[in-house]
Structure formats: structure tokens, C-alpha cells
Amino acid sequence: MSDELFERGLEIRRAVVGAEYVDRALEGGADDFSRDFQRLVTEFCWGAGWGREEHGALSRRDRSLLNLAMIGTLNRSDEFKLHLRGALRNGCTREEIRDTLIQLAIYAGIPAGVEAFRLAREVFAAVDAESDAASA
Amino acid sequence: MSDELFERGLEIRRAVVGAEYVDRALEGGADDFSRDFQRLVTEFCWGAGWGREEHGALSRRDRSLLNLAMIGTLNRSDEFKLHLRGALRNGCTREEIRDTLIQLAIYAGIPAGVEAFRLAREVFAAVDAESDAASA
Amino acid sequence: MSDELFERGLEIRRAVVGAEYVDRALEGGADDFSRDFQRLVTEFCWGAGWGREEHGALSRRDRSLLNLAMIGTLNRSDEFKLHLRGALRNGCTREEIRDTLIQLAIYAGIPAGVEAFRLAREVFAAVDAESDAASA
Amino acid sequence: MSDELFERGLEIRRAVVGAEYVDRALEGGADDFSRDFQRLVTEFCWGAGWGREEHGALSRRDRSLLNLAMIGTLNRSDEFKLHLRGALRNGCTREEIRDTLIQLAIYAGIPAGVEAFRLAREVFAAVDAESDAASA
Amino acid sequence: MSDELFERGLEIRRAVVGAEYVDRALEGGADDFSRDFQRLVTEFCWGAGWGREEHGALSRRDRSLLNLAMIGTLNRSDEFKLHLRGALRNGCTREEIRDTLIQLAIYAGIPAGVEAFRLAREVFAAVDAESDAASA
Amino acid sequence: MSDELFERGLEIRRAVVGAEYVDRALEGGADDFSRDFQRLVTEFCWGAGWGREEHGALSRRDRSLLNLAMIGTLNRSDEFKLHLRGALRNGCTREEIRDTLIQLAIYAGIPAGVEAFRLAREVFAAVDAESDAASA
């Protein structure tokens, strides 16, 4: 594989979903079972996919909103919450997220929207609590 | 229902997917079977959904890219092609569309990406042919 | 397998989706490749599933509407059209079908609804043409 | 938006999924993030969709069974449980629900059926316990 | 229904997903609500489907890997974990499972793969703990 | 990106889905719009995914059957037909394919199975006609 692509992917992945999560995944990936998969995710999804930001067509903010729409459609709750935090890290406002989830509800159906709003409110409550704790 | 919302939705819908298509759908909707549904789509999806643009969180360009990602995930080819033309009308560049479809391939799977690229190339070829014919 | 269940399934299947279609499928099923599958569909789906009508909880009209909603959600166009004709044979009115498809659009998303209405109008036009030809 | 449609939707929504749940959702919707979405769900899904009952094509019992089939296909467990309670409120018998879920298993696949039966048994056990507690 | 098919299905089902689970499901199926469904699953899915092993085209190992790929695509976590244990009982190695899940990630999308690896590691940890306890 | 992975992927991709198709895709990929995507598919899906065959856990026959099950579940007809031809090239027998599609019908639902059998019979008829023409 390509070490350069892996390194670029690792940097973006840590910046978007959080260094702690990524390091745990890659450490967990240090066992025989997940190592190759974690490498693949980092190199292709983050290096070759998100790494396209250098071409300038889509910003991290754009990619985060696209991911919320797609992962909400695909109905993957854990990944949805992870990428919701990523969207906040990438500077998406709650207004942008709200409008994205309303668009999701219309195109993927009301149950997709109801679940997405429920998960988003959970994440926002957790983020606000962490922020309060940090500033206390 | 709300006439104001319907009118706003009608205006946006015609601007995005084309006046000819919308008028045909609403005329088709003039039979008993589809009338209420066409009204609902115009009012709900376009008036209440796309009409949120007045709040300023998402632009038409943003909504078009979100739709390509969601409709590509949902595997609805006719709607995908309709919204691809809408994306061009809304000013999305081919580079933005290409990067959105690569993101789709990674998150919704390679077959979703292969089909989306095939449909996009079909639409671009048709659009280019129409443009050549118009300028001849 | 159970011949009794197969016979009951065959009778219902022919009544709902049309004797001509079913006989062709089972004949096509006479080659080595599809025979077992056609037998399974007839016995399992039609005999054990639809054959539950003898318990009286759901009517054929109910099962047809459920199928339009599910097959529309699953995005299987050929099966959708087949079962739309089945719904008409089972006595569903166009008003019942229309309201089912509006419910589909709300819960499975607008693109699912748009496609379902398009397919339904195709089937209705074909059925009306056949009916005109028969009465001419 | 249309206040009349919202009011009609609110009344049906409270009757079907429970006043307590709906009031909490709308109160939760009183924060900036969810308010517009809750309004949209109430007005369009419940007012414009379920509110079509006044045309008489589908009963609330019909809509509940359609929803179990669709939401079971869409794999949205929380919404499924909510609408299972709604089905009971709308007068669906357990025999009708059972036959709907068997139809779901056949058309959407065995795993969809296994999960739907598991969730239904959970809801029935909870409902029975509440009923025992209330009559004690 | 066919008692012979049911008996064959029961034997295979107990061998693959575990006698304890199956007996509990069928006992649970002894109530009026689930009995017919459990019978259907055992007879058709296990008797008519898995029971085809006597024709020799696919082994139990093959069917287990196919199921992990399909159930992972369908996003049904409880069934996925059940069939992961089934795959181990059917002699699949962790290397075969790993490569199947990487194939899943590529064709059904990265979120499907991330979730499948997470569930697989959970199951392996539980199986290893049970094995340690048994040998202590 | 990695040239070695691309070259390995290219070789496998040509062997499985046919040199003519792949060369056309990559040539088509020579325009600005698809080039990067075709490179990604070749390197990621075929080089990093299928290229794992060198570890020996899954054979090409195994991967072809997994793909038919997954792509049938995902409802992507063009890709399904492409990979059905790939399965034949990889030495899968029609009996193995038949049993895989019956497994698909049970786990992903009868409509998925009906469509898969229909597509498979189309491909087999085309392949047989080509073979007759070649030997004439």
C-alpha cells in the first residue's frame, strides 16, 4: 500500500473524528483481525477520499454534511453520531445540520428524519455537557 | 393546504428541475390519481424543504449535492438524473459533482458509485449535445 | 415439500398475479436452474404466506396494499408493477392505491413516492388500453 | 405554514402515538434545533398524510398495518415500536399484526421478520404489564 | 405443512445457531403470536434453504459467509451476531470472516464494514471468554 | 497512490469482469470526470480487496458468490449482471449460483430473489448464445 496516502488519511481522520477514537481503532487494529481493515479505511476512505480536499472542489464542511445525509439514509447510528461530532469539528453550524436533517427526512423518509434528530440532540447534549465541564 | 407554501415550492421546483418537467407533472397531476400527490410534493418537499433557503443555512448548490448523495444511496435512477440536471442548473461544477460521487462510492459502496458515474456521464453527454444543438 | 401447500399456493398465485404469468414462470422453472426456486416461491410465499387468508386476519385486498408499500420501499419496479395489477384483481380501488402510495412517499421518502406514482400511472394506462381493446 | 393542517395533524398524531409522547416531542421541539422539524412532521406526515382519512379510502387500522410493513422494511426499531403501540390504539388485533409481520418476513427477508417479531413481543409484554398494573 | 422439512430444518438450525437459542425461540413460539412464524422460519429458511446442502452445491461454511455478507448489508445487528457464532460453529476461520467483512465494506460501504468489524470483535471476545471459562 | 496496487487490481479486474469492459471503463475514465474514480475502483476494490486472494482465505469463486449475494441485496442490476459473468469466469457452477440466489431470496426477500433469477436467466441465455455463435 501507499504510506503517503495512509499518512495523509491518518492526519485528516484524526482531525475529523478525533485523535483518541482513531488511535483506539488503530490500536484495536493492531490485533490480527482488524489491522488490515483499519489500514484500508485510513488509506482509502480518508486518504484517497477525504484527501481530495487538496483539489478544492469540496470543503470538509461539505463532506461532513454529505456524510450525515448518506449515513442517515443508510441507517448506521454509531457512525452517524461519530460524524455528527466530526461535522461540529469541521465548523458546521447547528443550523446547517438541522437543514441537512430536514432534507434527509424528506428524501429518505420521516423515520430516517426522526431518528437523525433524536441522535443529533443526544450528541449536542453530550457536547454541551463536556463543554460546561471543561469551562467549570 | 397552504397556497403560499405551494406557490413558493412551485417557483423553486420549476427553477431547479425545469419548468417543462414540473408543468407536465402537475398537468399529469390534473387527473384524479396524482393531483394530491403532486400538490404534496410541491408544497412539502419544495415549499417547506427547499424553501428553507430563505433562512440561509444551505444554498441550492448544497441541497443539490446532498440530494445526489442521498438519491444515489437510495438507488433511484430516474430521480438521480433529474437532480443531476438540477445540480447543473444550481451552479454545481462537474468537479463538485465528481467529488460528491466519489464520496458516495466510499460510503454507500462501489456499486452505488459505479452506477452514479454511469448516469452522470449519460446526463453530461445529453446536456452537451443539447448545448451544441442550441449554439449551432 | 408439501404438495398440498404447493397446490394452495399455486391457486392463489394464479388468481392474484395472473395465470399466464405464473404458468410461464413455472414453465421457465421447468429448466434445471429455476425449478426449485419457483416451487419455493409458490409454496412458501403463496401457500404458507398468502394462504393464511383462511385464518381471516388479513384479506387479499390488505395483502395487496401491504405489498405495494413494501415493494415500493424495497425499490423493485418489475415486482411493483406485477403486484399493482394484482391489487386491481384483488378489488383494491384506485383511491386505496393512491392513499397507500402517498403513505409510502411520506415514510420511505419522496423519490420512492415519485417512482411509485410513475409506475402506477403506466400500469393504469396499460390496463385501461387493454380494457378498451377488449370492449371494442 | 397552514395552522389548520397542523391542528388536524396534531389531533391525529396524539390519538395514534400517544399524547404524552407527542407533547414531549413538541416541547423538545421548542428548542431552536427541532422546532421546525416537529412542525413539519405534524403538519405533513400527520395532517396531510394521515389526515386523508377524511376521504375514506384507508382507515387508521389500514395505515397502521402499512406502517408496520414499511418501517419493518426500513429497519427503524424505535419507530417500529412506537407504531406498534399505535396499531393497538387503532384497534388492530394481534392476529392482524402477526399476519402483517409474516408478510414482512417473506417480502423483506427473514432477518426483517425475526427482528419485527422480537420487537412486537417486547411491546406486547410491556403493554400487558401496564394493563395488569392499571387493573391491580 | 411438511413435517419432514420441519424436522430437517430443526436439526440444521440447532446445529448452526445453537440448540439453546432455537429451543427458546420455538418455546417462545409456543404462544399464539409467534408459533406460526417460528414454524415457517424453521421449515422454509432452514429446511428448504439450508437443507439444500444435500445437493452439495454449497457447504455450511459457504452459506455462513454469504449470510454475514447479506445480513451485514441489510444492517441487522442481532442476526449478524447470531450468524457470526454460526459461522464459527460451521468451521469458518477468522481469516475467512475477516476477508468477507472487508469485501462487505467495499461493496456495501465503509459504515457497513465498520459496524461489522465492531460486532465481530464483540462476538470473538465473548466466545474467547466463554472458552477460557470452560477450560479453567 | 500506489502503482503496484493499481497494477495488481487491473490484472484481477480484467480477468474477472472481462478485459474489454475494463479497458472501456478506463478509457472512458480518461476524461477528466471519471479518471480518478476508475483509478480508485481498480486500486481499492480490485487491488486492495480482491487482491487479498494472495493471503488465501477466500478464493475468486468465494468472492464471486459473496458479490452476487450482496449486489442482489443492494438491488444494482447492471453490476449484478456484470458479476454474474464474472462468477462464470471464476469457475462457479450454475448449481452454486442457483443455491446462492435461493439463499438471497430467503434472507433479502422474495422480490430480491425473483429479480436475481430473472437477471441470471438473461445472462445465461446471452452466454449460451455467444458460445453457440463461437462454436458455429
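Should a chain be cited, it is by its letter among A, B, C, D, E and F, assigned in written order, with residues numbered from 1 in that chain.
What we mean here is this: contacts are C-beta pairs under 8 Å (C-beta built on N, C-alpha and C of every residue); 3 or more make two chains touch, one makes a residue touch a chain.
Here the structure is a predicted model, which means the values were calculated and not measured.
The chains in contact with chain D and with chain E alike are A, B, C, F.
Between the chain pairs B-C and A-B, more C-beta pairs are in contact across A-B. Annotation: the chain A:chain E pair of sequence copies touches via predominantly different residues, less than half of the used numbers being shared.
Between chain A and chain C, the centres computed from C-alpha atoms are 41 Å apart.
Here the spacing of chain C and chain F, counted between their Cα centres, is 31 Å.
Each of residues 36, 40, 44-45, 52, 71, 74-75, 98, 102, 106-112 in chain C touches at least two other chains.
Interchain contacts join each chain to each other chain, per the touch definition above.
Residues 75, 94, 98, 101-102, 105, 109-115, 117-118, 120-121, 124 of chain F are the ones that touch chain C when the two sit in their complex. Within the complex formed with chain C, the chain A residues making contact are 106-112. Remark: chain E residues 28, 32-34, 36-37, 40-41, 45, 71, 74-76, 78-79 touch chain D in the complex. Interface of chain D with chain B (complex): residues 1-2, 5, 36, 40, 43-44, 48, 52. Interface of chain C with chain D (complex): residues 44-45, 49, 52, 55-58, 62-63, 65-67, 69-71, 73-74, 93, 95-96, 98-100, 102-104, 106-108.
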